[in-house]
Amino acid sequence: MRQKLFPSVDAAVADVPDGARIMFGGFGGAGFPNNLIHALARTGTRNITAISNNCGTRDGELGLMFKNGLISHVIASFPGPHANYFQERFAAKEVTLELVPQGILCERMRAAAAGILGFYTTVGVGTEVAAGKEERVIDNQHCILESPIRADYAFIKAQRADELGNLTYRLAARNFNPIMAMAARTTIVEVEEIVPVGSIDPEHVVTPAIFVHRIVQAKGIRYAG
Amino acid sequence: MRQKLFPSVDAAVADVPDGARIMFGGFGGAGFPNNLIHALARTGTRNITAISNNCGTRDGELGLMFKNGLISHVIASFPGPHANYFQERFAAKEVTLELVPQGILCERMRAAAAGILGFYTTVGVGTEVAAGKEERVIDNQHCILESPIRADYAFIKAQRADELGNLTYRLAARNFNPIMAMAARTTIVEVEEIVPVGSIDPEHVVTPAIFVHRIVQAKGIRYAG
Amino acid sequence: MPDKPRLSREEIAARAAKELPDGSYVNLGWGIPNLIADYLPAGLTVFFHSENGILGMGRRARAGEEDYDLVDAMKVPVTLAPGASFFHQADAHLMSRGGHLDVAVLGGFQVSEKGDLANWKVPGARGSGGIGGAMDIAAGAKVLIVCMEHTTKDGAPKIVKTCTYPLTALACVDTIVTDLAVIDVRAEGLLLRETAPGWTKKEIQELTGAPLL
Amino acid sequence: MPDKPRLSREEIAARAAKELPDGSYVNLGWGIPNLIADYLPAGLTVFFHSENGILGMGRRARAGEEDYDLVDAMKVPVTLAPGASFFHQADAHLMSRGGHLDVAVLGGFQVSEKGDLANWKVPGARGSGGIGGAMDIAAGAKVLIVCMEHTTKDGAPKIVKTCTYPLTALACVDTIVTDLAVIDVRAEGLLLRETAPGWTKKEIQELTGAPLL
């Protein structure tokens, strides 16, 4: 049977090509796949499109990727004032940015996951976010058409995986991870613990195994805020 | 603080008016709010629009409502060959029906829950389901525009509620219940057990309390298939 | 119509089972497809998806073992395989519609040479009819296999140039497994990949409403 | 500008806290709104929503108590109240966008007389800027309260006829709580519901860029 367990974070990301579109889970220091990010930085893969809520906290989270100049385009909701490497690259026009409202970022990824080709929302109407988007009135409400955000890879972080890829998350480290897991073609998860099949109560699985393609245990780098 | 616990199923449904739009959870005999349905039938409330996967199994599930002639319109995916009371009313043109693909039924309810005003899908293109719907091509794929399905009430079944309304479901009795809980203006849940606040692990809550408005314990009627 | 033995429903299911890749996530529809779980080749691991919110369904429940909170999409009590999970029905159909299922196997009334599928409604049938999950699954599975008899009870082809029954989805079918043949739907037409024992291509072509490559 | 005492940020928060109905589900934004949790009237129960996937947030974590898997939308470690729950961020924003939050309280740079809100970007500011959850929350909450100072540091009105800052959402604000007043946005205009101690309507009107009813 196809094997999802990988021996190292480096092996798990070895084939990610230049120009890949990658979703990175995490919010506010919780649930970032920091070990996968470091492994990706070690490969030197370039020209990445990063889809993530924010753009790093100094060297933490995606910071290293921007520091090393590996990301060329970002789709994000809140790059962040402490994302200094991103901000430098952005100011130097070495990185382009699409700013997306946070819930719409989630919803556009979920649309990709769910085979939805577009959806209408009132969020962003009358704002910069509406620029270039189709507008219409539905039920007397002005709304805009939003499109799915797809990705080649999702790099996510979970607390626990069984060997099939069923995942659980710790506290608010859940955040974007389950949505990204569903939205990408290949989902790579770093977990704190790999447990035998059958150890997770089927009612408590948050991300079912069908969405997970590569599993690697990584008790390593952790950034707080 | 507003009190969500109701003393009886009859009290929980007492104010449902004639003409209400009601979502009914359940699939294949699992997770139907049978006690709430019986209570609603006792009120004699009429002209109900029922939104549900199927239309009853003989006297079970929604069967009683059709038997008593209380439902006038149905939005369903699979009314079912054993929904004999529905089929009789439908043949007699006493009930109208909108047939919806099952996943699109879920997605249209979720759209209502999520403040999405419409979405494009390939499901149903070229079929009877596409009749009267806007068609367009996105990314070289033919798709149709689907609209949200909203409701005044959701009648759902859960295994366990805490006193705030956090819910868990047993096995595959989860089915439509969490989606309907999110999509209706007033969600009424019948549960097997009410537990003290704090008894459900926050990571295991399936339906957060914000979606639940009335809770009633009802270990009563159960139909199998 | 040649009076030769055809594959039984169980044999069609067993043949279709061989199309499933090891480790794949699979949805089985009503009818013949639902028999496939009993005919998996030895050593093959497949994870069964049920659109009511189960991944990792096991065998059907035996007498006395039934739990009516644990039923499949046919409303039949089932068991769980190790590593199963439950989720709500919107996520279940996100799986079917979003291209996450490796293979779906559905029954069919008609399949056209372009891979259009009709499997939910017989023209003129009484009652309301019902769609269920078929349209979502047909639109979204990576690979769609249809299992059906090659002809109707009256001997009319079920593989046709254009479906006359109400459609389930356009251009969705990849492979057709019948009691006479295994046929792949290709851009250039219907490729006869395999014939049932004792049957010739010519005989099968005569019972097929569209040209076989 | 009259040189009289105005409400402090904490007093604005305390005043806004009185607008929250008992048992309500509430999201608190950056800035003054985030102080509200510390100033709830005695006996009032409110459930705090955080758009990173928490319902039922408790107080902020004390020194030594921090768990960085349990942070709020400002990335600050928090605790849980009894009956809390976790969910993914799409469901968190389904709550904000779908009208499930009873009240959201956001900070503001400008509010127009029609209730348009500008609170995410200062014109000409350096850097990328960032939207976060504000647009989803502003578009979806049943009741939206904005807490802000009545005027800028330079004394210019922040309540204006038309916003000149980049907009967050149109016609979304229901109530404005400032260091000088409580104002309701009505179809007929801005209703001055309450004035800070010692301030007259005329004085407040002079510091407001749109007519007060």
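Residue numbering begins at 1 within each chain, and the chains themselves are lettered A, B, C and D in the order written.
Keep in mind that, in the parts below, contacts are C-beta pairs under 8 Å (C-beta built on N, C-alpha and C of every residue); 3 or more make two chains touch, one makes a residue touch a chain.
Nothing here was measured: the structure is a model prediction, and the numbers come from that model.
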{"item": "Steps needed, at minimum, to go from chain A to chain B via contacts", "value": "1"}
{"item": "Those chains which touch chain D and also touch chain A", "value": "B"}
{"item": "Between chain D and chain C, distance of the C-alpha-averaged centres to the nearest whole Å", "value": "54"}
{"item": "Whole-Å gap separating chain A and chain C, where each centre is the average of the chain's CA atoms", "value": "35"}
{"item": "Centre-to-centre distance between chain C and chain B (centres being mean Cα positions), rounded to whole Å", "value": "29"}
{"item": "Per-residue multi-chain contacts in chain C, two or more chains", "value": "86-87, 93-94, 97, 139-140"}
{"item": "Residues of chain A touching at least two other chains", "value": "107, 110, 114-115, 121-123, 169-171, 174, 202-203, 206"}
{"item": "Pairwise chain contacts under the document criterion", "value": "A-B, A-C, A-D, B-C, B-D"}
{"item": "Residue ranges of chain C touching chain A (in the complex, touch as defined)", "value": "22-23, 25, 45, 47, 49, 55-56, 80, 82-87, 91, 93-95, 97-101, 139-140"}
{"item": "Residues on chain C engaged by chain B in the complex (per definition of touch)", "value": "50-54, 66-75, 86-90, 92-94, 96-97, 116, 121, 126-137, 139-140, 166-170"}
{"item": "List of chain B residues in touch with chain C within their complex", "value": "27-31, 53-55, 76-81, 86-87, 90-91, 97, 99-104, 106-107, 109-110, 121-129, 142, 169-179, 206, 222, 224-225"}
{"item": "Interfacial residue positions of chain A with respect to chain C in the complex", "value": "1-2, 110, 112-115, 162-164, 166, 182, 197-198, 200, 202-203, 205, 208-211"}
{"item": "Parts of chain A lying in touch with chain B, wherever the complex brings them together", "value": "107, 111, 114-123, 138-139, 141, 143, 147, 168-171, 174, 202-204, 206"}
